[in-house]
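Scrolling down, you'll hit the structures one after another.
Shared chain: chain A. Partners: chain B in the first complex, chain C in the second.
Right, the complex of A and B next:
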């Protein structure tokens, strides 16, 4: 029997392919049920007009009980958006990817939440501790426990 | 550091320290893994090193030796500034260590060799790694007050007795050992990062076995109105047609949300909350509503997650994306503010017919 994880991912993928993603979000690749790539663009007026970012999801067998590992892709000329919650290595400090993850959330829901996180940004800047974090960051952002101390952005 | 934080002890440094969890605890100063959490004051690993905590008497010879080291190291320091080095030529102790094929000579005391050139070419003080190299043709030697300082560092870093005896500091262990200090920016960064990343403050608390076992369970039966609903975890409709007999068993949480038993169990073991409305089955960190056992889904009683949330848009007026996250993604809309929703056809297959909202707090930001 397929695991809960692969059944749930297969179902999400089918829905994405059938119904498409919300505006500004495109599936780039999902060759397996382990790593998916999306591009996201912020629609309408925003500091990121005309920019597109690549978002990587990595799943393990505990999905959706535990959150996917989500980060911006920063290789091959791709850049992480300059945002107070996005580190230059692509790691994202967002509570829904950590303590506030819920299995009710989905890949598309995460994309849309991050899209809207960018959309509401008032000032393009890196997190204050970017350099220090990036120097010692684990490869997998899920190994980092961020403090979610700021709900204004 | 909070005093409630457990103290750790590194047996390799013989010192208190903050471990780095990587993921198993290792010493932040030597990176060794022979570390111990000091939980029980009656079983303090420091006692092994100093079984007679209350009794500061040292064997007379050892005491004298330590005093001699201390004296030499102090003399070494001061001689650099004002004394004539030759004044130190007095006491000298020499050890010979037979190490494989090499003899190694360690001289303690004697003339201060630090920073002075010397006819035999021994003026340069070897580094520790040079000193420890086995294949050196002429093994370097360390002599003079520097050696005394090495030994003081080795002995002194773990030793409240020494500290007390030699410096009159009777606070002993409170004064801290080597493991309490860092010697480079990198090490400091590592510790700060470690502290930041390992705060337990807001981590979800799992439901206890007792709480889990007492949850009402039902077997799906023909005609049950549960069959019209979806399990929010696997996003499948409840069904009698299933390969897995466990999926005929459903669990209803106190907030009335229903899940397949095999879907909800692993979640409750990592977080004792309802995935849909975040109703807390067991007290959660920073949750003022926990004591209210009747938090309704969608009620505003989960304010804590609003204030803690870094979720975007929680205070902004127009967040089409957010609506997608809650409604598009979960396939429901019963909110007038769906005017923001650019998706022409928001209701999807897995519509929630209970009009519940997810998560309870986030809706506050939508209007």
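Right, the complex of A and C next:
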């Protein structure tokens, strides 16, 4: 089954390179089929105007049956956006990366969803349990069991 | 042709929404892979991909399982067909049920085990608590408050009794003195009313009009201030006050007896040690600066012990090795208070030890010559005390000794209390001080000139022995009644002035003397508290004596000198004058 994941990723990559990403999303690196980096910017009027964030995708062999591990990069001077669903270690609490993941989604679709999540933010703040979570968070955000209680932001 | 609906097989290009593979209608894979169109929109997928997706999702969370069974685009429910006979359903359900039962059983088993163990512990602790209380407040009071039958106990007793052993041990570990351990008993129990059975008996007796009249009459001449004070007053004010006074006095005594500071004898000294380690390090090398530091510390009333060197510090740490955990938090407040207490002791040892550490320096202006007479060289004395402590302390560090000692406190109190009672036969002053009222002999109805007559109810009712008729002894084991409204049937018979006096008296009594139940019973708790205090004093004195004797033993140690009898004189290189003499 590993071939399914790599074939699909190769295909997605080809499409990205061929058709380009949606506005505000740029592929930074995709040297292999395990880790990809994108930068995303929120277009138009938003709290994050002029800010660019780096998003990291990590895929395992069960992609697309299971979701990729997606987080913001917080090393080398990069920052995670200040957002009620984004922890300061870059982990994102979004249901589509957890139990609402569907194989119909793709890497670009995830980028677009997160872009719109930032775009619709009304107040820049960290999640309430940020410090506690960051202290105990696993390295891989997929190992966290988030509770997706707030669908509005 | 009009009503024909296309199926997935009729698509020119099939794109699996899961693996994103395409297949052209004229370029089928070989062997052909089955495709499926499970919903109402345009998404199609390999059947294998979709089944894998569904199967994987069902293995994770319930919500993911639900999501996987509908189309992510149009939301239509997928319909699965499988060989799913009744037997499979039955087996699956049975398996699930068994799993649940197993889980329940595990839970139940663990709960039972924990329950059995903890109720065993609880029963033991409650039993101990009842025993301790009975020892401490005396059988009469115990029978009044609790009785031996747990069925009569108020609900609070089921909390308070088991907690007693814990509080005893904890306060023992926090304080080197055992006195504070009884404070919880004094504060906890007085407010509790007598058990119902007793209350009823009392009520029946005292609602009798003739008895009630006697009560009102005899209550009048009573003094407004009761002796002993209420357990509340004792627990809240007297004991803490006495303890602090005692500490100061004892520290002075120890200083006088031993000639120098004995670190372990002062309560909570270990704590100060710990705090001062940093100071010592900073002052590591002698010199003028250090002396200044010490003078500052003197003013703060601390820092006198840390100068005795590393040895003492280690000893003290060892001594307090078990209470350490408890102490760290518990003693912080106390230390601050202690600093003040020890202030007056600080200058002597401190200045001298500073001198010692600094070597032969000019006299410290702070040096103060008010030392004990035998104190030739205080630093040497301190070193000897240190060694003596080391010698004694070997046996005192065990946790068992601490806890056992704590749990024995009620028995010791009771024992000391009964010694005091016995002693009071010979001293009226002691009898008054202990407020002894009730004796086991009184039930014999002895009205002779024995001391117990004074101690009968009459004195509880205000000390006029003559005012109470012998009928009072009908219920010798009953204390006088709680003054409820039902006992005042003769209230109207009193003059207004007497009414005011009686009311005033009762108000004052309840403030100072606590509840009547306590104030009017034989105050076993009082003599037991005093007894425990005396015991602690005796114990401390014994410890001091032990330390002093050990110290003296160390100081007077000499190695016995022998002559060279039996040694060949020629092998010795002797001075010339020796051969001259022989």
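What we mean here is this: the second predicted complex is superposed on the first by the 151 of 153 C-alpha atoms of A that agree within 3 Å, B and C clash if a C-alpha of one lies under 4 Å from a C-alpha of the other, contacts with A are read in each partner's own complex, and residues count from 1 in each chain.
In the analysis below, a residue touches a chain if its C-beta (ideal position, glycine included) is under 8 Å from a C-beta of that chain, and two chains touch if they have at least 3 such contacts.
Since we're looking at a predicted model, the values are computed, not measured.
Have a look at chain B and chain C on chain A after the superposition and call it: clash or fit.
Clash.
Which partner does A:134 reach: the first (chain B), the second (chain C), both, or neither?
Neither chain B nor chain C is touched by A:134.
Which partner chains sit in contact with A:47 here, chain B, chain C, both or neither? Use first/second/both/neither.
Touch status of A:47: no partner.
Comparing chain C with chain B, which touches more residues belonging to chain A?
B
Is A:22 in contact with chain B, with chain C, with both, or with neither (first, second, both, neither)?
first
On the A-aligned overlay, A:100 touches which partner chain: chain B = first, chain C = second, or both, or neither?
Both partners, chain B and chain C.
When the two structures are overlaid on chain A, which partner does A:109 contact: first (chain B), second (chain C), both, or neither?
After superposition on chain A, A:109 lies in contact with chain B alone.
For the combined three-chain arrangement, which segment of chain C clashes with chain B: 200-208, 362-370 or 398-406?
398-406
Can you give me the overlap between the chain B contact set and the chain C contact set on chain A?
1, 4, 7-8, 11-12, 62, 64-66, 99-100, 102-105
Within their complex, state which residues of chain A touch chain C.
1, 4, 7-8, 11-12, 62, 64-66, 99-105
Chain A touches which residues of chain C in the complex?
Checking each residue of chain C against chain A gives 17-21, 43, 49, 52-53, 56, 60-61, 63-64, 67-68, 72-73.
Write out the stretch or stretches of chain B touching chain A in their complex.
Of all residues in chain B, those touching chain A are 189-190, 192-193, 196-199, 201-204, 232-236, 243-244, 262-263, 266-267, 270, 275-276, 278, 305-316, 319-322, 324-326, 328-330, 342-343, 348-349, 358-359.
Using the touch definition from the top, list the residues of chain A that touch chain B in their complex.
1, 4, 7-8, 11-12, 15, 19, 22-23, 43, 62, 64-66, 85, 93-96, 99-100, 102-106, 108-110, 112-120, 129, 132-133, 135-136, 143-153
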